[in-house]
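Okay, so subunit A shows up in both of these, paired with subunit B first and subunit C after.
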Partner chain A sequence: MIARRALLAGMAGLAMGPRIGRAGPTPDDPLQSVNWGLMREAFLGDAPFVFDDKVSVTAPTSAEDAMQVPFLIDATRLSRVLRILVFADLNPINRILDFTPGRLAPVLAARFKIQQATPLRAAALDGQGRWHVGGLWIDAMGGGCTAPALAHGEADWTARLGETSVRVFDREGRKRIRLQIRHPMDTGLAAGIPAFFIEQLVLTDAAGEVLGELATSEPVSENPLFTFELPTALGLSEVGIRARDNNGNVFSRKVTL
Partner chain B sequence: MKRAAFALGLALLASPPALAFDYALRAEKIAEDTYLVPGRMEHFTRANGGNIVNTAFVVTGDGVVVIDSGPSLDYGRQLRALIATVTDRPIRLVLVTHAHPDHYLGDGAFADVPVAALPATRAEIEAMPGAILDGIYRLVGDAMAGTSSEPPRESVAPGPMTIGGHDFELIALDGHTAADLAVLDRTTGVLFAGDLAFLARTPTTPQADIDRWLAALVRLRALSPLLIVPGHGPAAPPPAALDQTEAYLRWLKQTLGAAAAEGRDAAEILALPLPPEFAGLAVAREEFARTVAHLYPAFERAVLSDD
Partner chain C sequence: MATTLRRSVAAVTLAMATTLGFAGLGLAKPVTDQDILNDAETTGDVLTYGLGTQGQRFSPLDLVNKETVKGLVPIWGFSFGGEKQRGQESQPLVVDGVMYVTGSYSRMWAIDVKTGKELWEYNHRLPDGIMPCCDVINRGAAVYGDKVYFGTLDAKVVALNRETGKVVWSKAIEDYKAGYSITNAPLVVNGMVITGIGGGEFGIVGKVYALDANTGEMKWIRPVIEGNVGTLDGKPSTMTGTKNASWQGDQWQTGGGGTWLGGTYDPKTGLLYYGTGNPSPWNSWLRPGDNLYSSSRLAIDPKTGEIKWSYQTTPHDGWDFDGVNELISFPLKGADGKTIDAAATADRNGFFFVLDRTTGKFISASPFVSRHDWAKGYDENGRPIYNTDFRPGDPAKGGGADGKGTSVFTAPSFLGGKNWMPMAYSQKTGLFYIPSNEWGMDIWNEPITYKKGAAYLGAGFTIKPLYQDHIGVLRAMDPATGKIKWEYKNHAPLWGGVLTTGGGLVFTGTPEGYLKAFDDETGEELWSFNTGSGVVASPITWDMDGEQYVAVVSGWGGAVPLWGGDVADFVKSFNQGGMLWVFKLPKKA
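Take a look at the complex of A and B:
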């Protein structure tokens, strides 16, 4: 029996290759996640990083709706942010968002599907190439990633695919853009329903130049609702929004600021 | 080693079943023939076994009318045993006020007597996803053993119903869920409001429609009861539970509407300060966070779609 257990452990080691050395919690992880080692390797590689409250992650500590867990990332307390990665250590698909703010503020809100209790983290890359990692634990009954999207219970969901609602709000020195796109955002983990999700969202100025870019993954919730902010000082008159899903559908519209 | 494990397995199989969770239920006489079995003003926990709810019973000349059966099979059994300490009359009818698990999962203990609800409540329980029960098992644990979710077998219609010298009025409302049954005992003046009324405990909103709930409260006021038994919280003369529930619902509607109009995200409003009159209610912060998940998306959609 003991021999068999050792053999199994050895096989697991082989399957995971060089990762085995980094698996498990690390003493410095404030969330004491069993999967932090792998998350660090997968998302940050060998780059320097620090756990940092300046990257604030606001979300409920318990997920009431496993298919729509809201979160808001705010990294404006860092001086310069090149990129923000959002991921959940214990979701079957870890990556949620990969945000390149560009001329947008390093602020972002969205919703994700939670499969079980997990840390939700945001890692912000500063101008010196160092990652700043914030996050919190979200408790959950679970099942959000393997349940079919509600759209599949509607007869006409394809007719409204990609419909985009958008509205702009004035917030102290910034314009806040909230937009919602009708899309099932299928993870591919619900039986018989292949992965079908928006992969990319680009915000552009009137000249078509990119303001900021967001790569979105399967765990982003159905009919995703995104919140972006851009400095009022940019003096933009309109913003173009362009989304593309993994089936090549492109949805675009403009909004006047 | 294998043999030892096998022997241990046999020993486990042979051991007597675990003792049932002890709910320590007590019946509080609140009017002639009328008893309240108060629950804790908490969330589901292992320590409370899911007993976060009020159940009640009326001992009529023709048997006992039970209002709601509680959160688990064992609760239902212990409620039945408690009733037997008060009267030796049989159970005549169990009324389920609405399709929330803490109110009807004790039905299994009343399989030999009529258990009834509004038709829409029966349909809601029929359609209840198994995940709801899984969630309660996860929170409550062993006290849920043997509990299953079955729709009541019989329907009741709104209107008068006289049993054993008590003139009941059944009132079909909605707003807390798609179907909420209120029961007025005209003989004693006691109104069993189900979860249309909360007192000293924050209202829950998983299936709530605020406007319809407010309309239901108007109907309850018009009944002019002498005493109101809320679904959660102490029994008290009107208008305490009705006023508190109404004020909270109005505040929710105003607050969530204003937040959506300002473009706030759900994650941001979780931490909004609660006004002093609600901050002191039991489980206020937790229920507000749940309500944001239940109700805020519709407020957001309304603001986003009128561009």
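Take a look at the complex of A and C:
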């Protein structure tokens, strides 16, 4: 009994240990990324997964501006989506977004900073606890994560910090909400500038109940632009938006649909 | 000795229980109000700035003592890193085996005290437009519950989770663009985080703020300049003093009185003690009157923010005698053998004051520097007897070039007989150990008008040393007699805090880079260690697993290199730093 416990502890220790010598593509990865093994371990753990075109990732095949690479994730072809993780295999900070759609549609658009050519992936968790992974390669000249934000060229970047603009579009049975928040989204990798970024974005209904939640990481682009979709059938007249950064600054506003 | 030993054993037991009971679960043991009030007695931790809310900076620990101190060696160091090597004036805290230390540019680290391993770093994103007068320093953190707090250079109080370093709440208490900044360590009393604010060079109004430690909600604000109205629970409370009693017109609206050093708290009287800074502008001819409550000590009720008493050390200040200096509670033995609940403060103006801390009644004022040109002394009511020749001349009367008034040479300089660096009181010797400086200044006045966010001085100045061979002097002051018992001269100006112990030692740092230990009765230097950069911070000591530890932050900077004038010759060769050092005695084999 004691021996078995020790053995289990030892195995757990191995699983938690440093990820040395695990590099190299795995045969099943359609993108043939040297980092897929590590990404899988870090983001999906031991959970079952499948590479699946039903999770569509749309982005330019070559990044025009390394600091603002737009992408669109659409997992509506899956029956039920609990969570969507967006990450870039070869960025110095891999995680970009962690989206809990809740009552929102499993659709999300944003922009990220790219450091070098990398796969961009979205993993959507279905109701059975299985991950569906889509993705594509984006080519880039790079450097997007280690360059200072453009805001630092301004005399006072705090003057408009957190200003949020919102537009609402009607779209095939859904309301599309596009919002942009003034924020430098500093990665902490540019010399002399500490990490300073929005960590959390919450959409609520008029009663303050959460509609959907988005955890955001350093690679999200400066003055982040997010697009969400809300089923018109919910019949909501108002949505609250609340963002919080890693310095504890809170930005919130309401939008009428 | 027996008591100390018992305390050590208790501390060890507590440390073990903590390791087993809490560390495994990843939960920090919450710090309570009672823990904070007991801090001066509990040697196994340092929960407050000042090693106790009274600010005595005395530890009863005696394992490191006059005999053993020569064996003190560094056991680990910790670099603050980055390219941000500026002045480091921080006093670390030690809670449950974790050290919380702040650094330049509003940064904080949590470090495992056994190994020096970093647990987390919080790096506050500062705007480019911050306006700290006297370097981008920070003096330390406060702990309460599961949080650790500090003030930032953009005038925010930030509460971090002690385990993770994540922000729990952040509150901008003033507009940094008007010149406000926070460099003082906050103080926690009755579940409130209490802080002062800096910006006296920009015509701000100094205030004391009390925030709910759990939520960051403002409980009360007390402006320290008469005529301004405070708040309590978000509503206007009472006016400070009587409008225009000691100020003319609307000058009280930009009257200065920065509370930038923070304060102390005495559980016996239940009062907060705050020092207030110089009146604005420096040119005193523009603001006739005593200018209450600038350059004063205030006793404040922590429940309501009401001022209970005040004592002004420099009425109508004309020399930037920015009297924020800490007021330390201590028992004063009178000639009749009775003990008075007293408090003492060593002011920028060169005098050491003893007050009755219950009533604020003046007891004595004794010079602790060799020259105090501006005043002959104090009368029995505690009012200075001015030497009027040493006030810079009125620009309206001319005498200087380009509309300036006549210049005078006077000592102490505006950097003070003693500046921010806290003194220590020994419960063992009954003496105060004052880090002081011998310097004077040429100072002249000139016209000035207030503009938001611009320096509001109306004075020009240059500092000069008084002696060839030294500026800094560490002095042992007997509060009962006002006599100096011993002094230690240092070439460069002293700019670091003092610590004294039951082991009969007085620790302080020098800009030359040394942490030194002195005999508390003779001033003899018993030990020193070169930290590699100037020590302008306050050392601490605690015990753990039956051993006594000493820690200090090293990193040259602060006001001297920015404002020191001709003092540059004494300090120009010092290199920047940003390093925490921890010492103990070697373990016996």
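In this text, the second predicted complex is superposed on the first by the 236 of 257 C-alpha atoms of A that agree within 3 Å, B and C clash if a C-alpha of one lies under 4 Å from a C-alpha of the other, contacts with A are read in each partner's own complex, and residues count from 1 in each chain.
Keep this in mind: a contact is a pair of C-beta atoms (placed from the backbone, for glycine too) under 8 Å apart; a residue touches a chain by one contact, two chains touch by 3 or more.
The model shown is predicted, which means the values in this text are computed figures rather than measured ones.
Bringing the complexes onto one copy of subunit A puts subunit B beside subunit C with no clash.
Taking subunit A as the reference, the larger set of touched residues comes from B, when subunit B and subunit C are compared. Of the two partner chains, neither subunit B nor subunit C is touched by A:Phe112.
Within the superposed three-chain model, A:Thr58 lies in touch with subunit B and out of touch with subunit C [touch as defined at top].
Judged by the touch definition given at the top, the superposed model places A:Trp137 against neither subunit B nor subunit C. Of the two partner chains placed around the shared chain by superposition, subunit C is the only one that A:Ala191 touches, whereas subunit B remains out of contact. By the touch criterion defined above, A:Gly248 lies against subunit C but remains apart from subunit B after alignment on the C-alpha atoms of chain A. By the touch criterion defined above, A:Arg171 reaches subunit B but does not reach subunit C. Once the two complexes are laid over each other on the shared chain, residue contacts for A:Trp157 go to subunit C alone; subunit B is not touched. Closest C-alpha contact of subunit B with subunit C, superposed model: 23 Å. Of all residues in subunit A, only 1, 58-60, 62-65, 68, 70-72, 109, 111, 141, 143, 165-167, 169, 171, 176, 178-180, 225, 227, 255 touch subunit B in the complex they form. The touching residues of subunit B, counted against subunit A in their complex, run 1, 131, 134-135, 138, 262-263, 265-268, 270-271, 286, 289-290, 292-294, 297, 300-301, 303-305, 307.
Residues of subunit A that touch subunit C in their complex: 152, 155-158, 184, 186, 188, 191-196, 246-249. Considering their complex, residues 82-84, 107, 123-125, 127-129, 154, 158-159, 166-170 of subunit C touch subunit A.
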